[in-house]
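Just passing along the structure, written as structure tokens.
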Amino acid sequence: MGDVTQAEAEQDQLLSILRDELYVAVVSDVLDAGGLLEQAMDARLRPLAPGMRLVGRAHTVMTADVYVRPEEPYGPEIEAVDALRPGDVMVASTSRSERTCFWGELLSTAAVARGASGCAIDGHTRDALRIIDMGFPVFATGFRPVDSSSRSMVVGHGSPVEVGGVVVNPGDIIFGDYDGIVVIPPDRLADVVTAAHNKVTSENSSREMLQAGATLRQVYDRYGVL
Amino acid sequence: MGDVTQAEAEQDQLLSILRDELYVAVVSDVLDAGGLLEQAMDARLRPLAPGMRLVGRAHTVMTADVYVRPEEPYGPEIEAVDALRPGDVMVASTSRSERTCFWGELLSTAAVARGASGCAIDGHTRDALRIIDMGFPVFATGFRPVDSSSRSMVVGHGSPVEVGGVVVNPGDIIFGDYDGIVVIPPDRLADVVTAAHNKVTSENSSREMLQAGATLRQVYDRYGVL
Amino acid sequence: MGDVTQAEAEQDQLLSILRDELYVAVVSDVLDAGGLLEQAMDARLRPLAPGMRLVGRAHTVMTADVYVRPEEPYGPEIEAVDALRPGDVMVASTSRSERTCFWGELLSTAAVARGASGCAIDGHTRDALRIIDMGFPVFATGFRPVDSSSRSMVVGHGSPVEVGGVVVNPGDIIFGDYDGIVVIPPDRLADVVTAAHNKVTSENSSREMLQAGATLRQVYDRYGVL
Amino acid sequence: MGDVTQAEAEQDQLLSILRDELYVAVVSDVLDAGGLLEQAMDARLRPLAPGMRLVGRAHTVMTADVYVRPEEPYGPEIEAVDALRPGDVMVASTSRSERTCFWGELLSTAAVARGASGCAIDGHTRDALRIIDMGFPVFATGFRPVDSSSRSMVVGHGSPVEVGGVVVNPGDIIFGDYDGIVVIPPDRLADVVTAAHNKVTSENSSREMLQAGATLRQVYDRYGVL
Amino acid sequence: MGDVTQAEAEQDQLLSILRDELYVAVVSDVLDAGGLLEQAMDARLRPLAPGMRLVGRAHTVMTADVYVRPEEPYGPEIEAVDALRPGDVMVASTSRSERTCFWGELLSTAAVARGASGCAIDGHTRDALRIIDMGFPVFATGFRPVDSSSRSMVVGHGSPVEVGGVVVNPGDIIFGDYDGIVVIPPDRLADVVTAAHNKVTSENSSREMLQAGATLRQVYDRYGVL
Amino acid sequence: MGDVTQAEAEQDQLLSILRDELYVAVVSDVLDAGGLLEQAMDARLRPLAPGMRLVGRAHTVMTADVYVRPEEPYGPEIEAVDALRPGDVMVASTSRSERTCFWGELLSTAAVARGASGCAIDGHTRDALRIIDMGFPVFATGFRPVDSSSRSMVVGHGSPVEVGGVVVNPGDIIFGDYDGIVVIPPDRLADVVTAAHNKVTSENSSREMLQAGATLRQVYDRYGVL
């Protein structure tokens, strides 16, 4: 499974809290409050199944469309996948290609074997039902049954990429659920987790007061959250 | 829950029939037959869950994107939600913003508390799984985890809005199911319900005759419906 | 049910293998390997339900939008549906109309009665939940509750059409599952089925080796498939 | 040149006034004031040259994309062009095809020979520089060098068509200049011309007052036009 | 013409240099070098004529589409235009409306009378040929012949707006030519002008060396600019 | 200026005929007649000026968007430009990026110095007015004032690329005018030139007969061209 540093171990604890106790919308609100307003990927990336939760460190990769099959089409892709470390989320830009398909079941199997925790693609996947059966969290913009080898090529991994309208740096924290995906700068993670916990408490109080018949005006004046 | 007028009470009976006995496609056909050809919202608005049925009187609201957080970002939104009356459907235009998110769980909770029966947004929602759990019918164009306060502002409610390609006036009847949403002028509601009932009967006969092996030509010549 | 030729009977056996033992992604790979790189429809066409499998011979139809109800709006449509033969898949182009709706429950019922095995529409359907209940495989780009009669007209059937970015000829083999739809030239069907079986075996070996912890590089060097 | 009826001759006088004394923006305002708010084609249709003015009676035609060259590809197109009468404007829908090209120099030459006064296409043209040299007013959405015969087919002429977002009926009055195209119902033409003349007078007064330094508020309070 | 402050007078001198001696591409490069990478509006905004140069201080305005004519449709628009000061550029967001038209000849006349130096609209204009004749620099995304009063409403002026993908604050420096529009933060203007002058000199040397036959490699190694 | 082979010299003679005596539309018709139906680039690529004629051998290049400035951002771009040979047309894919800008005046100057005859970009250019003054034929999809170095990177040259919907191989013949661009396989060039000459003659006869008042039906029956 590779080495895990002390810093990663501490980060992993925070990631567990994201996964088990929080949700993306409340984390997005906390990022907003901290002045980070452009952290949510756009609505085109959707989870393959409603319950999928995507939590981990970004491992970035970028593809470009090609029109002849390269001599070694899979070389850089294999390298990118074999470089995954435990807790990584593959974050892939395809330049929004409607033609290729970046991900599938065998890559998911390889990623699981490396300890990766999910995949977010600004592009298509295939083998979707079998990936759902595996329980591996994949967020994509759609489905295509095709192989990538004659259609696109990995042109780099480990550099910043634009995915869903957000520039993602390697090591950024990725957090996704049914509402979408946010990107958390790693040095903000601890503060974000704390603040999100507090906001959940206020939201619970607001919800109860609304259920008891209060107007939104009364609730907002009291708790200051919507 | 506020006052319900006599006219509203009668209308509510017709709304119950829509909800319990009819479906959107047959009502759309009846509107077509009455010369009302532009009543169906376009395919971008989808229900959060397959079984959701949206029935009620339109309560319209319009938002515009902003790029600084207003001093009182939620003021007009709170006003719009607190103005909901029993049987209302919130019908919201966001100018098709891909950036903001108009709706969420707390607003759903507030809307339920006011007696509202659903929400149709030409824009995004969040807290989708919890809204599904609540059973509150929401139709939207997609999902974004973000709060609206730094991204858009309610600029008015109670005026005509364009949602899904249809101009909706306050008080228009909204009827949605898995096939989409139609907007029924309130003064046509009684006639529409009657005619839709009749058309359902013809369709049932057509279906049986087709199942028995008749060609479409034979069935159409007999019942005149497809 | 009409006559089935000897050639069709042999083809039907191959279609059964597609339906019961293969999946679209592996067939797409085999078509790629045979130099047929443009056989996969684009990602806009989706099945109404995850488990739907679309297998059959293309019966093509094309519609055009209209702005007055023709005198006999359904004539050519009825003709196109009544011409379906056992094992046919209705393959319909609407010129990507966002306005009309080509398919619905009664047409599905008629198609089932003729022995058709499914429908692929570059356009919208309605009555979706009832079609799902029927178990009739329909792939479409979305949902609209409207009838076609004042909105579009069948302008021909039995000619090549463009659906999902692929030109489909009558008699082409259509194969769709949750990953998408591929179009197989009928004279390649036997070879495709054989080669796809072989590729499934290699993929199974790759999967096991990956699950056992091998890197993607090791697996690819051994089996040569991703 | 064919016969010209008495009604057409009277209409031709009004068309001359449109061409020589008025402009599209003021006519659009007059249509608005008369409650006709959906008469302006959308911004995609542009004149081939800035000074082109399009004035005449709509002669409608509709094409559909094809994927094999029909046996007689030009038959219905020839019929549609040869049916042009003096003062007609060819108004063509291609279902917004990005693939075919409906118009060109030889068709322009044929149209001029029939006395037609221009062409408005929701689609592409070719031979653009030579058509500009001819001085024949063509409005189109772009340029493609291709012939239509293997790409699209005329499927009808003389029926209502949707062009630039407006449904155009045969005989509707088409008026276009550098700002765009409006469609005038023929029975409103006389009133529209009169009212447009009056509005031009008010606009001239407003312009002079603004040039003299008045605020927009002062000018609007006095003349009531912007 | 209103008062001009000392700071504005100094700024006006820098604006003259932009207008008379520099061009947008070199200023964009200087902004890039200073780490400001998101200052160029996107390619949709085009000048009405090739030689138009847009230079001034942003006066922002935002519109929203409406579907009934407001009681006083022009009120906020008149206010926004009458608030223009010498050297201002009207910078207007229409939420990318394809339906309304924000600008025209009378507003241009009023703006000129107030001393405004141009207009940049993320939306449509009309009266384009007459505005070109006036020599008033207008950049827009297209042309529509319609009036705004039944289609959109000014919902605010003097707040940040998003135009062409750039958030523009009131007082930002707007600089446009045939290549596009950049937005310069006012406190960077002096430095930008100086650095742009220097870059022009290097580019001139590069150009001469290339014309003399040097390779791009040789030139870039020597001057470090492309 | 580099070496020119005998084959290239013969090809250059044919290219001169294309440039001086033929036009793109007639060449497109000849390619159609030869069964090559997908040779015309789509309508998004436009010449910077109406009279520009683009004729030469394709020198292909591909860029990908980046989100950090590479250490040597211009390296592969310089290499690609310095590799241009006399008679080459730079044919560039940017994956339809709306963000970067591939071409400009200095690159045009360098290309001219290498003997290149033009540039076709599926993406943006800058310095457009100065390139027009140079008389260097550039076809692009729009204008952006920005430099590429922080926005995109050349990822290869001399491989097949997709530009304007056509896959272009190095050495393919590029022919563009105001109607668009076609791609001619080099081994078909001689035949295409001959056949195009013949078609021009038929078109001239058709034109004269139409001008003399014949119907399109009469002309088509006689000459068989439209």
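Should a chain be cited, it is by its letter among A, B, C, D, E and F, assigned in written order, with residues numbered from 1 in that chain.
In the analysis below, a residue touches a chain if its C-beta (ideal position, glycine included) is under 8 Å from a C-beta of that chain, and two chains touch if they have at least 3 such contacts.
Note that the structure is a prediction, hence the values are computed from the model and not measured.
Chemist: Would you mind checking the shortest number of contact hops between subunit B and subunit D?
Modeler: Each step joins two touching chains, and the minimum needed here is 2.
Chemist: Chains touching subunit A and subunit C alike, please list them.
Modeler: Both-contact set = B.
Chemist: Is the contact between copies subunit B and subunit C built from the same residues on both sides or from different ones, judged by whether over half of the numbers are shared?
Modeler: different
Chemist: What whole-number Å value describes the gap between the mean CA coordinates of subunit D and subunit E?
Modeler: 32
Chemist: What is the distance, in whole Å, between the centres of subunit B and subunit F, each centre taken as the mean of its C-alpha atoms?
Modeler: Inter-chain centre distance comes to 50 Å.
Chemist: Going by the contact rule already set, what residues in subunit A reach two or more other chains?
Modeler: none
Chemist: Report the topology of the inter-chain touch graph, choosing from line, ring, star, complete and other.
Modeler: If you draw each chain as a dot and join those that touch, the picture is no line, ring, star or complete graph.
Chemist: What are all the touching pairs of chains?
Modeler: Pairs satisfying the touch definition: A-B, A-C, A-F, B-C, B-E, C-D, D-E, D-F, E-F.
Chemist: What part of subunit E is in contact with subunit D in the complex they form?
Modeler: The contact residues of subunit E facing subunit D are 74, 77-79, 81-82, 98, 104-107, 109-110, 113, 124, 126-129, 141-147, 149-151.
Chemist: Which of the residues in subunit D end up touching subunit C in this complex?
Modeler: Subunit D reaches subunit C through residues 62, 64-68, 95, 97, 155, 159-162, 167.
Chemist: Taking the complex as given, what residues does subunit D use to touch subunit E?
Modeler: 24-25, 27-29, 32, 37, 40, 42-43, 46, 50, 177-182, 203, 206-207, 210-211, 213-217, 219-220, 225-226
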